[in-house]
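Structures incoming, each one as structure tokens.
In what comes next, subunit A is part of two complexes: it sits with subunit B in the first one and with subunit C in the second one.
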Partner chain A sequence: MARHPWRTALGVTLASVLALSGCGGSQEQHGGGSGAPRTGGTARFALPPSATPNWIMPIAIPGYGASYNGAIRATMFVPLYNYDGSSGSVALNDPSSAADPPRYSADGKTVTITLKPLTWSTGDPVTSRDVEFWLNLVRAGKDNWGKYSEGLLPDNIKAFHAVDDRTFTLTLDKAYNPDWFTANQLSLVVPMPQRAWDRTSADGPVGDHDRDPAGAKQVFDFLVGQAKKLGTYATNPLWKVVNGPFTLSGFTAAGEVTLTKNPKYTGPEPAKLDTVKFLTFTSSSAEYNVLRAGGIDYGYVPTSNLGQQSKLEAEGYRVEPWNGWSITYSPYNFNNPQLGKVFSQLYVRQALQHAVDQNAITSVIWRGSARVGYGPVPQDNDTKYLSQRQKTNPYPFDLDAARKLLADHGWKPGSDGVLACAEPQLCGEGIAAGTRLSFTMLTESGSDETDGTMQELRSEFSRIGVEMKVNAQPLNTVLANGTSCEPADASCSWQLSYFGTQGSWYFPANPSGEQLFATGAGTNFGSYSDKHADELMTATNLSSSQQPMFDYSAYLTEQLPVLWLPNPPYQVSAIDTALHGISQDPLAGLQPQRWFWTR
Partner chain B sequence: MTRYILRRLVLAVIVVLLVTVVTFVLLHLLPGGPARGVLGVKATQAQIDTFNAAQGFDKALPVQYWDYLVRLVHGDLGDSYTQNSPVTTLLGERLPKTLLLTVVSTLLAIVVALPVGVWQAVRRGKASDHVTTAFTFVLYATPVFFLSLVLIILFAQVLPWFPAQAAQGETVGELLSQPGSLVLPILAGTGAALAVFSRYMRASTLDNLAEDYVRTARAKGTPERTIVWRHVWPNSLTSVVSMLGYYVPTVFGGSLVVESMFNYPGVGLLFWTAARNADFPVLLGVVLVIAIATVAGSLLADLLQLLIDPRVRVKGARS
Partner chain C sequence: MTVLSRLLARRTAVAGAILLVLVVLFCFLGPLLYGTDQSHTDLASARLSPGSGHPLGTDELGYDVLGRLMVAGRTSLIIGVLAGLIATAIGAVWGAVAGYTGGWLDTVLMRVVDTGVAIPALFLLLVAATLVTPSVGVLALLIGCVSWLVPARLMRAETVSLRERDYIRAITVLGASRTRVVFRHIIPNAIGTVAVNATFQIADAILLVAYVSFLGLGVPAPATDWGAMLSKGITYTFDGAWWLILPPGIAIVLVVCAINFLGDGLRDAFAVKGRR
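On to the complex of A and B.
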């Protein structure tokens, strides 16, 4: 036995640590660079907290439609039309699309599309047949397609006709707004390699199975089954047949994805990097620790850490907010048995909106990273769809105006300072005398910024005599409980809800609101219903004029179907200053083929 | 003694069953259920209904539990909603990595803590004992997440010796291929255990040093070093070794935090991600594993005590 066993133990431990530190290496260098583009190299990108990619097939089933799945997939399977914000506004991005811009017939019911000369990694060209294959599978499996809405794609395509190998026409059920149809419908189409994937089993023969509905369903089910096997992604020969600038070379069960440059890519934008790694983290703090240690080239900074921006910049990162093509709001439950009738009064919604200090919330709580939002159209990226009414905010923060609106309609403070309806004939139809302006906000937990926003709202509302209680729950619970309901339902007890810590709603390229505010729409959680609003939304989908969108924007800005709130960024990014070619796409897409190092 | 062991085994099975009942009921009573969380805001009611039917959530809770038990008996823990893999596969991939972390952390803690505990006991009341005691108390009181943060700041950011995240890979071999990335998670896991074991060892050694056989040995002129290392050390070890079993749940609990902090791809990270995504089958699977480990740990502790302490053996035989 050693004379001083503790010293021996300490010595062994220190020696081990020192030996291992040699394996660990030193902190990686960021920033610098010559400024001249270099080809090759690897970039490490941090996915959002707890985001683990889990789908590869271009037709995603419900639950697998996360934006990062789509962004990664688009680097391997080029969508027919890709929209992004790289031009400064949300628009069609031609180089990253598989087809030339569509041509609509004079009556608007036929679309002619010509594919670009892309090639699959097998050497086969990308043809009209590959688009027909996608369409046939979506028709067969539409009820299990996450993007399906009744009456829309594929229901609204009456016929597919291949003009030649690269040109085809689609016959539509009616004339749509071409801008809307291309942006929100054709952008969902992704040519798929029919000559490799049109099979019903792994060792079955490739054929034209998809041309028969039963066969198409079998192919759809086979591909979905294969796509469910995450552990085989990197090795399954199916997913090796790609036409994009990257191919998949690694996919761990923990969600780490490795893309490598596709040497057989024939399109206009070959990848400049050799490898892109997508890293996953359980929490933003775990990611931030690695970022600070230099282990990430393109990551994100929790807003609570924005005070350390200068340190990150000194370490060679640039810090930039990534604004989303999104809006953020709290839906009112118009069917709530206690307060539904109260929320139905426009003057009540106007008073509450006047009590939202959006400037304070964005500058103080979000530390300047969020943007104000006054209406149903995203307003912090691109203003081409914005009405003047939404731009100028008809309900600025004005507590006196809020108090006056409520007082003029018969609401008087009770002994506890909370307003109660004293004159029912003024309060509005269905509102009984004594009804108190007291409600509970069902809100998502776990975010300091959201907690701060709720406290700010509660404070301002109390100053106009409105009591707001906060019920913070995990996001899943808020989403599950704050859904549309009938007054008699037990589930209709929620009054307002908030699920917008990363933005409440991300739009496709055309920000029409038929899924959010149309009567009976799937995501119209508060059961808002307004005939004129419905007409305006229909018009945005059908008319090729810009005017319906302006009218829709102006009308809903004034009508307040929800409580408009500041829109947080998708994330605040920290990007190595030597990594270039990055455009933070408000549609949350990525174009890593454009990234390059200058170091 | 056989009857005692059998009774303990039966009790262990009952405890695991009770844990599954409680966990199953609690998870399924969470408001909202998993469908909306899994399918997202855009899911239609029809899609939610389909999901619930496919997962059996449209059945009564006791029926769901019975189905779960039947599958469990057949070694089927269900499939993850989000990862599409059987839970057993996911656990099979992650458990060895967590075991690597916890076993190495615990062994390291033992190797350092036991001699330190003896040394403290021998030097009881001296300045070095006070300093070490203060250090171990601070270590004991330091939450694992805080210790992890301190280690990251010190050894990944200020002194960039080790990576702040563990190597990501499918196998233990891939983790071991980057040993540097294991240092900080292991040190974080070692901290609390080291404090606990050294305190235990110190107390146990002090107790033994006060025993009659030590006095007798001293009276016979046995050198102090021989007394400590040949007589007191093995006797003191018994209580610490038996405590190891009881420490299993603490080790697992700590690993959840450590894995989250260091992005270590083990069971803890799996649990964390499943909790964020309301992935009930995975949550149930992980809870079951921890329950089994906990019960097995305490069973092991009892058996060890039975083996090394004749007094317990006699008591166990009588009972």
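On to the complex of A and C.
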């Protein structure tokens, strides 16, 4: 520690100057290039703030479904059907899918699918058996599958029949809307290397264990156990068996991922780059400092620094917003033992929603890069699914309306100004006298915009007598700790959570909500349950008409299964102008095999 | 000349003391004269440059920067002073016990200190701040608990010298307990060393608060301190919002310098006494 005042002052000043100058470091050159594509090279991609990849297996368990996990995984394990927005609207992307488009029978109950001639890195072809393997494991472990919704995949597949090595049929339990079924169900299927992974232990023999339900459960548990060992990702022989354009060659404890070109890839889109590195940062400010120092080829600009666009462009980056096919929200934990009954009251949710000043948050905190969001359907892209009710926002920012709703239902301020239930008969069933309207928001750390949004919410809520405490944690912690639970579970202590710095939920091609809001759905973190909402979601899955989607949009906009919040872009990207082949997919996919350098 | 008169004869020390008094008045009495809402955001007034109504502008959430500087300073000073006193108290007792007892206990106690010194305090603070929710009290305790090592060494050295003095030997022969000797005779007679070191500890603690907050692990919002203000302000540096970083940055530098000036003055004043 310094013992001389002038030395101390000099130290503080130098530290400040270093911080202001982006922590020093040499400036790398970006931009330029001949314009002609060249193969090889490395691209460095910045992952979202405080986000670290933590799952590799194509069947992700709850809490491990972050979009970057899926985007990285899809480069190694090609999904049966991949949708993206590279064509300008969300549509099937044939080259990055493992199968040709499905053929539905006249009665709509049978689907025939033919796989493309892909090969695993072991030299074995990708076959119907690999799809059956995935299906058997999902059946065995569906309660632990993050994408599971009761009655949907795999429950809705009555039979699997292999016609030959590359063709199979699925018999469905009823006729579905074919577009929805392909986009939201078949897109979840990922062929997995049965000949390498169908084992119950690391040194156990490979067999047909998956064809017996008990054996399938053992295989599922074994693979999940392996997937939880992050430190072995780069060396575990299991994960070396890939059929995508990349293979995993590096994975650090901090979550930095290195993909290298898979020389044995036989599909239509071989990687043009040799290596893609995914870099992690504890905050968007830290990322921006490295970006300014030239250490990132494809990063993002925190909205607080959007005024720097011209400087970044002068340094060889192009700045482009990346809007998502997404919605953003905070789930209420309806099973929380203290406040679950309170959140179950629609008037409480209405009061809180009235206290969210979405216009101010989008324009000031997000500096216009986010869009308001009032319901369950993406609002700032294709609006063909959007109901009039959601468009017009039934709960505009109105603190007086919020206060009145709470006062009319028996809530009165205590000595500290926080509302407490004074008349239990008015507060609602299961709410005891003296229950305080005080909760903790479990939120992701690392983003100034999210910090600001949380402070704004806390501030406005306090104006209506609601106390909100903020518990900021890294994104993976929020996702792992804010999952669905039963009231008696120790893990049910969370009350509200927020994981929306880049949008909370990216939809598959069809923005139906069966994975989010259906009773018992895998990503229904708050355990929302409403019979009519379930019926509406089922209708969207069955009918080819637009009306069920409008009804669903309107009903959930009014019912507030979650606290609707402004929807940020996936990011405002800064991309080296010599790096090409990038399409900023609204579904948050990456497709790095299409990237190439011109320098 | 008394210690006080010798202290007052040193211009840098007097300047430091005056500056410190002004900062304390600014932070603790300032909000009474210049009232601002530091609890609620005001997005309609966000990022205003200095002007009428907001002499130092507003921050990204619409908080008045001048008012925030006062509130933040209060947090920084309270944590700094508390942490400095905690570190000094622990270090004084630890060093005195080690130095007076000697033998194996001295060896053990001082190897603990050596080990602790080898681990960067900032690292320990960051680890601790991720395990507990930082608050004013918690941060003061944490910083105090990682900052007592240097005072312990100083106190041990002073104690080894004092224990050879005749009056210490005499009261030991007369049967005074070790506790009595340490707390009634050793520590009071080392008060000069302790007082000087306390000022440095306070200055260091204020800097540590700033470091920890700069790294995003300070007191939770809407509470703030100068380090947190600096951290948030730097986000907007590239946009030219100088009023978000200069005030807290200057405040940290001024206070740390003022306390160090005062500490240097105290050291010189006590050193003269020691020579006599």
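We take it that the second predicted complex is superposed on the first by the 346 of 599 C-alpha atoms of A that agree within 3 Å, B and C clash if a C-alpha of one lies under 4 Å from a C-alpha of the other, contacts with A are read in each partner's own complex, and residues count from 1 in each chain.
Definition applied: contacts are C-beta pairs under 8 Å (C-beta built on N, C-alpha and C of every residue); 3 or more make two chains touch, one makes a residue touch a chain.
Quick caveat, the model's predicted, so the values are computed rather than measured.
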Is A:E456 touching the first partner subunit B, the second partner subunit C, both, or neither of them? second
Does subunit A have more residues touched by subunit B or by subunit C? B
Examine A:S545 and indicate which partner it touches, taking first as subunit B and second as subunit C; both and neither are also allowed. neither
So in the superposed three-chain picture, is A:S201 touching just subunit B, just subunit C, both, or none of them (first/second/both/neither)? neither
Once the structures are superposed on A, label A:N476 by its partner contacts, choosing first (subunit B), second (subunit C), both or neither. first
Looking at A:L279, would you say it contacts subunit B, subunit C, both, or neither? Reply first, second, both or neither. first
Taking the stated contact definition, name every residue in subunit A that is touched by subunit B in one complex and by subunit C in the other, in rising order. 1, 5-6, 8-9, 12-13, 20, 282-283, 285
Please give the residue numbers of subunit A that touch subunit B in the complex, ascending. 1, 5-6, 8-10, 12-13, 17, 20-27, 50, 52, 54, 62-63, 65-66, 143, 146, 228-231, 252-254, 256, 279-283, 285-286, 289-290, 292-295, 473, 475-477, 479-481, 483, 499, 505, 515, 522-523
Contact set on subunit C toward subunit A in their complex: 12, 16, 39-41, 43-44, 46, 60-61, 133, 150, 200, 203-204, 207, 214, 216, 220-222, 230, 232, 234-240, 245, 249, 252-253, 256-257, 260-261, 264
In the complex formed with subunit A, which residues of subunit B make contact? 30-47, 50-51, 81-85, 89-90, 93-94, 108, 111-112, 115-116, 118-119, 149, 152, 156-157, 160-165, 168-170, 178-183, 225, 229, 259-263, 265, 269, 272-273, 276-278
Where on subunit A does subunit C make contact in their complex? 1-6, 8-9, 12-13, 16, 19-20, 282-283, 285, 302, 304-305, 307-308, 311, 357, 360-361, 364-365, 445, 448, 451-452, 454-456, 458-460, 462-463, 470-471
